[in-house]
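See the structures that follow.
Two complexes are shown next, each including subunit A; its partner changes from subunit B in the first to subunit C in the second.
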Partner chain A sequence: MSDVGQPVIQVNDLHHVYLRGTPLEVKALNGVTLEVRPGEAVGIIGRSGAGKSTLVQHFNGLIRCRERGRVIVTGHDMADPSVNVRLIRQRVGLVFQHPEQQLFERLVGDDIAFGPKKLGLPPAERRERVRWAMEMVGLDFERFKDRFTFSLSGGERRKVAIAGVLALQPQVLVMDEATTGIDPSGRKEILDRIVGLRKAYGVTLVIVSSNMEEVASLVDRLYVLEDGRTVLSGTPREVFAHPDRLMGYGLGVPAVSAVANDLLKHGVPIPRTPLTVTEAVEDLWRILSSSGT
Partner chain B sequence: MEDFEFLRNVTIGQYFRGDSVVHRMDPRAKITVLIILAIVNSLTQSVSGNALMLALCIAFVFLSGISIRFMLSGIRPALPIILLFAMMQLFFYGDAYPPYGVVPETYWQWGMMSVTNGSIQLVVVTLMRFLQIYLLVSLLTGTSTTTQLAYAIESMLEPFQRFRIPAQEISLVGTIALRFVPIFAEQMEIIMKAQASRGADFGSGGVFHFVRRTRQMATLIVPLFVDAFRRAEDLITAMDARCYTGGRGRTRMVRFRMVARDYAVLGAIVLFGCLMVVFRNDFPI
Partner chain C sequence: MADPIIRMSDVYFTYTPQAEPPVYALEGINLEVHAGEYLVIVGHNGSGKSTLAKLVNALLRPSRGDVVVKGMNTRQAENVLPIRATVGMVFQNPDNQIVATIVEEDVAFGPANLGVPEADLRARVDWALEAVGMGAYRKRAPHLLSAGQKQRVAIAGAMALQPSVLILDESTAMLDPAGREDVLAAVRALHSQGVTIITITHFMHEAVEGDRMIVMEAGRIVMEGTPRSVFAQVETLRALRLDVPQVTELSYELHRRDATFPANLLTVGEVTQAIQCRLSGGGGVQ
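So, the complex of A and B:
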């Protein structure tokens, strides 16, 4: 949570148009401005079609900025054609929605080793990377490394895919709705592990999500995207204090925050917008005990 | 650097919303026009005849309101192979085809290779023929929705049903195939981006590093196939859930009716086709 030093990712008034110059052109980004500082966890929310995926694909050079605006990743201006994109992609790991669809090797270990191999690491170090990445996502190295990729369950396959990105040891991990479509316990496990990764290694996190509860508890700061623009930003507490605006953007607030906002309207002096049930319980307990005396 | 926008290159099979004369034409009439012009195309040998045909195709594209530049941009990925074929025709077909309408002449000869006015004519005519068919097919898929095409194929195959030709099934297979082209292009783009995110570099190694390039493709092909099978299974379940039992006795919500304009266009094209075929040997060069 150190906000010292240069931002790792800095986006300034970014515009992007898909299929420019064809009858099918679509405006995806209309002026996004945001920054991600080293070590922090940033959330990006917005309804589908708001431009979230387009935005995060700029972070590792999958989409290059050709229109207006600037993207600076770890000090490199991404519009500069001489930027070493492979280096950027190693520093900024991007996990897509349904990442299990990218697996192609027969064995789990080989699949995770794909990235390190492409980095040109010697076999021994590759093996270490794979072991580390598998541990990070909670797959036992000895038990899983020689399993067939396609014999795994959906949740396990997703862990393998995430491990495949972690094996590059990125400084920034971008999760583009990477936990949608798996069961709540699997979801929680993956997120807990990602948080652990941040704590242990100071990895910067960018989490794109449509699950408000998930973002609320995970991130330090939040950006709301609408129509390819950043329309709201701040700490989750600040952002979720505007339920009406969020509704207008097709989003909601975490259920506890909504209840607290309602209580506030009815005159209960809630001191802050709670983000988790624990926080709400603490606050209510304090109010109840003080009004009791 | 790599460009991941695949749909930019897939112009064939892509539908462009519009309300032009071509869009409103009955899909069966469009397919018939395509078939007639394809036959005429293969029977016309002369440069001037093909120029006339090409002009007609370009006129159709203008009528449809689709940008011809964009349509032609779809050829770009195929250009190297087209050029290769053109070169082979130019150098190795010198004696195989006598030129149409002029006295044979040899300009250059070296061993097996030769350039004659016959081979030059062949190259020009082949390119023009290719362009005609390409434009017509792009136009058909660009101005008709898949539903319209399926309906057209089904209704045109109906008379053959008595010979046990499964018209409905054939049109269904065609529809599914067409419908899945953009889906797979999109899926391919996603997989390519995902692999690039973990270190794959596509397009490196140059044209002649076959092995490396093939290995690179494996990282795309395997996930793409897995996805295709998954989608096929989903589709089967969806069809089962809607009690699909094959085409016999099915009715349709939308029925198309040929109107006077469709018959007029068809008549004109048939007349044009007949004239082109009858007088095919009367064109200069």
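So, the complex of A and C:
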């Protein structure tokens, strides 16, 4: 367990180069600095190619830092060759883009049990972990545990993949565009469950997304990556108050924030940058109705 | 009116013809798409959108009914290749669509296999890469590009075949906002050159781009019309558990509080303007 208050993930001036010394050399990270504190929900946004996926792979040692910079995860310096990577991967669970492609077992239950089995947990405890993880993502244990993974729908397979990561009971759950490509109601269901997990167990969340409206309503703090650097950070309200800078980074703001920012530019006294439709309706209705009387 | 470029008449499709009773992915689809149209298809995962798209370029054949593309029925084997030359398709995951190890070779793969001469090939590849904003990456290795960049390469690959119809099956799902905007701009440019566009998307604000949209649910077309007329039916869309664009929801909610506020605004600009109108000239809420 990490000390209370101590960041669970601390990244300092991190650099990463792919294929160094070859004609295909690509500088993916050029000085990222960020921290994730226990129990927080942190969003990472940035245009494609900004380095988001490279960055989060440092969080559980899938990529180790050989270039400049430091990554400290639950108090362990990831550059230290003696670091127990298995322990780190148990603490930091990573769900990738298209997580349904992570499945490899024939049966749903076996796939989710793979992680706990590798941890050396006894069968009874494994079973409990699987049952719990399935419940967390909204898959009925009895109904789904013996189903063939390939017979499931895309959305169900995604849930199985997420359950497989949750079965390790990570302290930190990293979702790298994990809801991309599912329909709005499916996305909302998965995100609601992740938020529920955070409320019930204090799981720390790191959400990588290119859906501004999604992160706006979901996270406590946001980091913006551009060319492998952290260029902007703050609460969603602070970050989305800079539409011009975000546009320059190939991003945008939620449509309701854009409406408010536009009105503000035209001298309409908008009290805050709204992040959701509800907030925008509240603010705009107040302005419209008071101007009428 | 001229003959439609695509006509689907009473189309049924099942993936499990042996099952009793068969489960239909599409049930009684009647749809005409005219040359030069920009059609948007929305609906849940599993509502039949992708099946419909695959029927149009003869990747699948209907269990019942007919799909006719430029007068060619997809049931006839000799029509399959000409249909695929007519209807280009871009899928959600570019990794399934990229074949070469250098970006420009990947884009050239389709036309080169059709025997397009060297000089023309060069021009097509350059045009297609520029159209998706990937010109600067022509010599890069696709597997080292980010997901969004790869998708733009895949779209360029389909565009290099110069199809009369381009189907984009959730092709912007993996892109960042600027990447999405680049792709939408490229699609708009193609559309203005007369290419027929069929887009399948979960992003409701992208649906606003189309001339016409259809909403699918459980294998049927349940709503059809201009984006403005469809999005005006906020409650029906909610009952189908579909989103409406944030701005439309905002204008609808303001309309519920004041019936004189327009209910079906589609863009940020429209909402901003409507509100400014109220505050200045209109003397606020009447």
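Keep this in mind: the second predicted complex is superposed on the first by the 283 of 293 C-alpha atoms of A that agree within 3 Å, B and C clash if a C-alpha of one lies under 4 Å from a C-alpha of the other, contacts with A are read in each partner's own complex, and residues count from 1 in each chain.
Keep this in mind: a contact is a pair of C-beta atoms (placed from the backbone, for glycine too) under 8 Å apart; a residue touches a chain by one contact, two chains touch by 3 or more.
Small disclaimer: the values here were computed from a predicted structure and weren't measured.
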- request: Return fit or clash for subunit B versus subunit C, each positioned on subunit A through the superposition.
  value: clash
- prompt: Where does A:Q90 make contact in the superposed view: on subunit B (first), on subunit C (second), on both, or on neither?
  reply: first
- prompt: Is A:A280 touching the first partner subunit B, the second partner subunit C, both, or neither of them?
  reply: second
- request: Applying the touch criterion given at the start, work out whether A:E177 contacts subunit B, subunit C, both or neither, answering first, second, both or neither.
  value: second
Message: Taking the superposition on A as described, I'd like to know which of subunit B and subunit C A:L168 touches: first, second, both or neither.
response: first
Message: Looking only at subunit A, is it subunit B or subunit C that touches more of its residues?
response: C
- prompt: Does subunit B (first) or subunit C (second) touch A:V73, or do both, or does neither?
  reply: neither
Query: Touch check for A:L24: first (subunit B), second (subunit C), both, or neither?
result: both
Query: For A:A255, is the partner it touches subunit B (first), subunit C (second), both, or none of the two (neither)?
result: second
- line: Overlap of subunit B and subunit C contacts on subunit A, residues 18-19, 24
- line: In the complex, the residues of subunit A that touch subunit C are 18-19, 24, 26, 46-50, 53, 97-98, 153-155, 177, 180-186, 210, 212-213, 247, 250-252, 254-256, 258-259, 262-263, 266, 268, 277, 280-281, 284-285, 287-289, 291-293
Message: Help me check something: in the complex, which residues belonging to subunit B touch subunit A?
response: 1, 4-5, 7-8, 14, 16, 66-67, 70, 73, 187, 190-191, 193-201, 218-223, 226-227
Of all residues in subunit C, those that touch subunit A in their complex: 43-46, 92-93, 140-141, 144-149, 170, 173-179, 202, 204-205, 241-243, 245-247, 249-250, 253-254, 257-258, 261, 268-269, 271-272, 275-276, 278-279, 283-286
Message: Looking at the complex, which residues from subunit A come into contact with subunit B?
response: 18-19, 21-24, 57, 60-64, 81, 85-86, 89-90, 93-96, 99, 101-104, 114-119, 150, 164-165, 167-168
